[in-house]
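Below are two complexes that have chain A in common, paired first with chain B and then with chain C.
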Partner chain A sequence: MTTATPTVAAGAQKVDGTTSTTAGRVRRRLNSRTATLVSIVIAVVWTIPTFGLLISSLRPEDEIKTTGWWTAFTNPQFTLENYQQVLFGRSSSSGQLASYFINSLAITIPSVLFPLAFAALAAYALAWIKFRGRDWLYIAIFALQIVPLQMALVPLLRFFSTGVTLGGVTLMPAWDLVDEQKFAQVWFAHTCFALPFAVFLLHNFISQLPGDLMEAARVDGATHPKIFRTIVLPLITPALAAFGIFQFLWVWNDLLVALIFAGGGNETAPLTVRLAEMAGTRGSEWQRLTAGAFVSIVVPLVVFLSLQRFFVRGLLAGSVKG
Partner chain B sequence: MAVFTRPRQAFVIAGVLGLALSATACGTGDDKKSDKAGSAECAPYEKYQGNDGKKVSIYASIRDAEADLLERSWSQFTECTGIEIAYEGSGEFEAQLPVRVDGGNAPDIAFVPQPGLVKRFADAGKLKQLGADTKALAEQNMPADWLKYGTVNGTLYGVPLGANVKSFVWYSPKTFKEKGWEVPTTWEQLIALSDKIAASGMKPWCAGVESGDATGWPATDWIEDVLLRTAGAEVYDQWTTHAIPFNDPRVVDAVDRAGTILKNDKYMNGGFGGVKSITTTAFQEAGLPVTTGKCAMHRQASFYANQFPEGTKVAADGDAFAFYFPAIDAAKGKPVLGAGEFVVAYADRPEVQAVQTYLASAEYVNSRAKLGNWVTANNKLDIANVASPIDKLSVQILQDKTGVFRFDGSDLMPAAVGAGTFWKGMVEWLNGKATAPVLQGIESSWPK
Partner chain C sequence: MEFDFADEQPKLLMLMYGLIAFVVVVGGLLLLLDVVPAWFARRREAQLVAASASGAPLPRRSKPREGIFAIFFLLPTLLLLTIGLVVPAIRTLLLSLMNGSSTDWVGLRNYGWMFSDDSMLRVLINTLVWVVLVPVVATAFGLIYAVLVDKARFEAVAKSLIFLPMAISFVGASIIWKFVYAYRGEGDQIGLLNQIVVSLGGEPKQWLLESPLNTLLLVVIMVWIQAGFAMVVLSAAIKAIPGDIVEAARLDGVSPWQMFWQITMPSIRPALIVVAVTLTIATLKVFDIVRTATNGNYDTSVIASEMYNQAFRYGQNGQGSALAVFLFILVIPVVIYQIRNLRQQREG
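The block that comes next holds the complex of A and B.
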């Protein structure tokens, strides 16, 4: 995570290209030697637990269970046994980690793309198409963010398992999904839970685009779909990427939603579900969690590092701009 | 852009690798057919036939290595009958099951370890009654002490399956032999031995109650075990059903009696420090000093056998073994504290009932016991099929007709107490709070 620090500074510089004096002073102070030293110390302190976990994951079971990870420096004993157990585990009932890895991807990728697509369209409509009640609609969507998703778990599960009946009339039959089809439930749930924030974030970004652009395009005869495709989409790429990362990390690390809507069967359960089971019925094999944690952070780490600069820009996307 | 290429390549490679792996994973399995139905080895499954190709889902908290054994134990049944059993184990079982049931997504069968939870589902009308075959078999094979915990308002809903014995004290036969100590059979001997060990400069006992958000439960077992011994099973039943207050004087006595060991700085806490270290020591690790000679005795259930490191010989002449936690008052019989899980059904399709009946049968319990690491109260279990010495001892204790079995009280009480204030109260108690205010606090938290 140490690499993140200079990028923040660089991003800030770019954004505040024409600085007011206050911002300039802040930047000068942040570039001083003391500030650098402090940020390095913070970065190191922040990284120590993760580093300890990494060391632990390479130590033999008995060592992990009896001594702290720092003893590895005075008494170095390293093994890949934990990774061996995690990746090619003996558990026949749950299969190998690799298939859960695929499940995680199968859950995560659509759960990122669906809300991205819907939210971009909705945000555009809310920002640039004039219709009655537009602001109220936006406020309603914005307000939905405060609904905790835990409240929606049981009703949504009923929605899937018994369908919707109103006054004896079946509006929607039960979905009756089995095995791999349950992915659809997870996608649906994640999309629902992500939309309010996604619409809010993208709306802030899209509504800040210069109105002249849209007007010029409309004068040239462009329709809304055309404007959205050729003007808006390319301009909001950083915001899309930023939300994409947020959503990716959230869905990848999610246990609750997957556990309820995908179930724990090995056809649909993601990596997190398997990790939670890995310690055994009474937690006796908890040394495996060290290696398991590292296996599961590989993908988020790759995604984060490769999309890092969008991430930093995206952090500013939700803020109000002058 | 140069920065970009490598992670992206890695991503592609990871993706391709993953796809390849999943493709191979899909290629195996799915060849279950009941073409063996007529063969000799399938003879015991004759009465379950006629459900070929049906699927039954089972949900429980048993996972990883133990779930493997579970699946292997019914593999012959599924081969012979063609009933496919989709098993799912989860660490969040107790929290997830109500969500799934309320959401209309209940499993066909669940193994519920808490009689309190069985009662809750039965009262809500979610559970199906047992089929006639299952009921007859359960009543024939299971001790009455156990069946009563699966019974709600006179109707039997849960058939006991696995069990564990909690009235055990772990010790090292090797160390005991070296030092010339005898395994105590009465409470007086137990205390005399503790004093003797303490005088030799070694802490005789070790304990640990840290267990994530369930911290405190091992101490509740201590209290329940002692209460069963000082006050007897009848008072224990009144206590768990709240017919007497939680802080009844007899309970206070039992807690204080447990305190003479648990809160005694001369006895505690071998290998970890003083009495205060009990609350910060993980229960998984608490008994390990027994094998390293830093602690002589550790009171914990039979399942603790799995916590010892690989290579530890768990036997009467090995590195670790357990003796029965001695009775205090001979007039109160030979009390046994234990726990186990109950098979309940949310569906009553014929194949679900077939599986339920099978799980209560002699064929199943012996098939499961042969795989090891499992004990049941089912009296059709042939002790010759139980390999490990500690499981054998557990089965002997469970099948002992003179024993008085009682279920873990914290699983019988309402969750707010049994999985809440009782645990937390014990932590406060171990941290130095006096007995009376702790029990008073738990009593006032009992749901009205």
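The block that comes next holds the complex of A and C.
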């Protein structure tokens, strides 16, 4: 994407040089200078709120509460006390965020792996195994993307708490999960909600693999499971990475599903739930909110920045091709 | 008391169980898929051997039964989608026709409540404001920025900075912006917005308490997050415009303004629609921002946050479900529009 720029720009300049006057060239260069300047200014403005939060989280409590973060440049006082407090402090008013951080991890990792594996299998079947009703099934799964997850919340919660009974016969008992076992129902919910998009995205990639490859493998006597494992999986690694990052960011940053299925206690609730609660009940405790917010941001930020390439590719495949 | 790592061990154990379950389920499935066909193949071989030994006619080779594989490949997905999405969605539809504790049928009363209750009307108007403003502003900004940055130096860095909020949770973003909007009655202001107002000679305000301004300020948060998405998709679309078209237009002496409206805009129209539709759907479901920033108070509530409150705080399952169904109904025309566009695109 970025590599295309220099060639286009060079071509444009060449054309300018032959067709326009010196004045025109100067004007164009000024235009491009202005564009650069304006775009940098906007980018900086865009970053200021986050930057202010980061600076504030490093300032002592008294300073945060009485002066603006921009005064830190003229009167620099920095400390890690806020992070110490918000992560490891055990008083109920401090964040205890270390505990919630582990919850976030425990929720996110399986919630990424399960839909990834299931959707890859399903997408392969929908793309390369011939069976009756295949197209209709794909369309049905594709269409499920538009069902807002709000439509599923109340009954799904009831499903976990009371099980399934049909005409007095218990088809499935209640899950009756306590404490950290509730992770299981969060995994379940996230997996269900992620599948339609996951199948769609991976199907986009898998169906574009060269058919000759599959044909050759079949002629050699390879079965579908073998083709899937040895040929398809290695080839769709970038797509798997793209969806993995998507799902990771979505689950880590999710509030609604966690709020309903994980509850609010420090046994299961993730960082987002805790932070939203702190913002509601301790809205003026900025020394904890700023540090807490940054704790929750840092993991997705690292994942995002290191894997941005895959993320953008997935984004474009998911939205433009769709 | 200090943080005690021993308290966290049950969680890690649970995480390990989850991972073991993953390995068992997925590995088991793959193993099953490997073993079953091998078994069939052996049986067929045995049949062939037996048939040739006894001199009987060779059994006709049955058609390869690919469908059986498909069932196994699709089983987990179909099972989960049925239990987790299809059945619950149908039940929500039914619940929306029942009373708060889901014991009696009440017909369409919940829907009547939605459109007559005063506070609900406020919620609907707020949702409308969100749905109109966020896609329009974020798409417009993303487009302008994509065009601007296309010729700029430091393009990659500038784009990353705009794109960065995408990685931040709505909760985190809400806290970031709550800090920008922060208000102090006396002394120095700590919120950037009030500081700017004060330095321009104005009076500081409690921004998030003032309706209808507060809804607009929450919309800003959503735009801040989503503009990066619009920018990345549109920027890719702009770069995909064939270079010779641009060059030909330039040779014809087209001004940048004409270039934008006559070359760029028509070329990226499909991407524009996708971005606007995606943003519209995301905005309809916005919940986290409202919940974190104001908890739906001060006339800022929207459908998704009200749905949560009704169903999970007030125990009004009927009204909550009706709101969820309404959300679903609102999404449908948007999706139909997109599908029609895609079809036109394929035909054209």
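Just so we're on the same page, the second predicted complex is superposed on the first by the 255 of 322 C-alpha atoms of A that agree within 3 Å, B and C clash if a C-alpha of one lies under 4 Å from a C-alpha of the other, contacts with A are read in each partner's own complex, and residues count from 1 in each chain.
The rule is simple: a contact is a pair of C-beta atoms (placed from the backbone, for glycine too) under 8 Å apart; a residue touches a chain by one contact, two chains touch by 3 or more.
What you see is a predicted model; the values in this text were computed from it and never measured.
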Touching partner for A:L209 - first (chain B), second (chain C), both, neither: neither
Partner chain(s) touched by A:L153 [first = chain B, second = chain C, both, neither]: both
First (chain B), second (chain C), both or neither touched by A:A217: neither
Touching partner for A:G265 - first (chain B), second (chain C), both, neither: first
Chain B versus chain C as contact partner of A:A35, first or second or both or neither: second
Partner chain in contact with A:I102 - chain B first, chain C second, else both or neither: both
Which of chain B and chain C A:A184 touches, first, second, both or neither: second
Partner chain in contact with A:S161 - chain B first, chain C second, else both or neither: first
Partner touching more residues of chain A, whether chain B or chain C: C
Which of chain B and chain C A:L235 touches, first, second, both or neither: neither
Common ground on chain A, meaning residues reached by chain C in one complex and by chain B in the other: 65-66, 90-91, 96, 98-99, 102, 105, 153-154, 156, 259-260, 276, 279-280, 283, 286, 303, 305
In the complex, chain A residues that touch chain B: 61-62, 65-66, 90-96, 98-99, 101-102, 105, 153-154, 156-158, 160-162, 259-260, 263-265, 273, 276-286, 298-299, 302-303, 305-306
Footprint of chain A on chain C - complex, ascending: 1-3, 7-8, 10-15, 18-19, 21-22, 26, 29-30, 33-34, 37, 66-67, 69-70, 73-74, 76-78, 80-81, 83-89, 91-93, 95, 145, 148-158, 160-172, 174-180, 182, 187-192, 195, 224, 227, 229, 232-233, 235-237, 239, 243, 246-247, 250-251, 253, 256, 270-271, 274-275, 278, 281, 284-285, 287-288, 291-293, 295, 304, 307-308, 311-312, 317, 320-321, 323-325, 327-328, 331-332, 335, 342
Chain A partner contacts - residues on chain B that touch it in the complex: 4, 7-8, 10-11, 14-15, 18-19, 21-22, 25, 61-68, 70-72, 86-92, 96, 99-100, 102-105, 211-212, 284-285, 288, 303, 306-307, 309-310
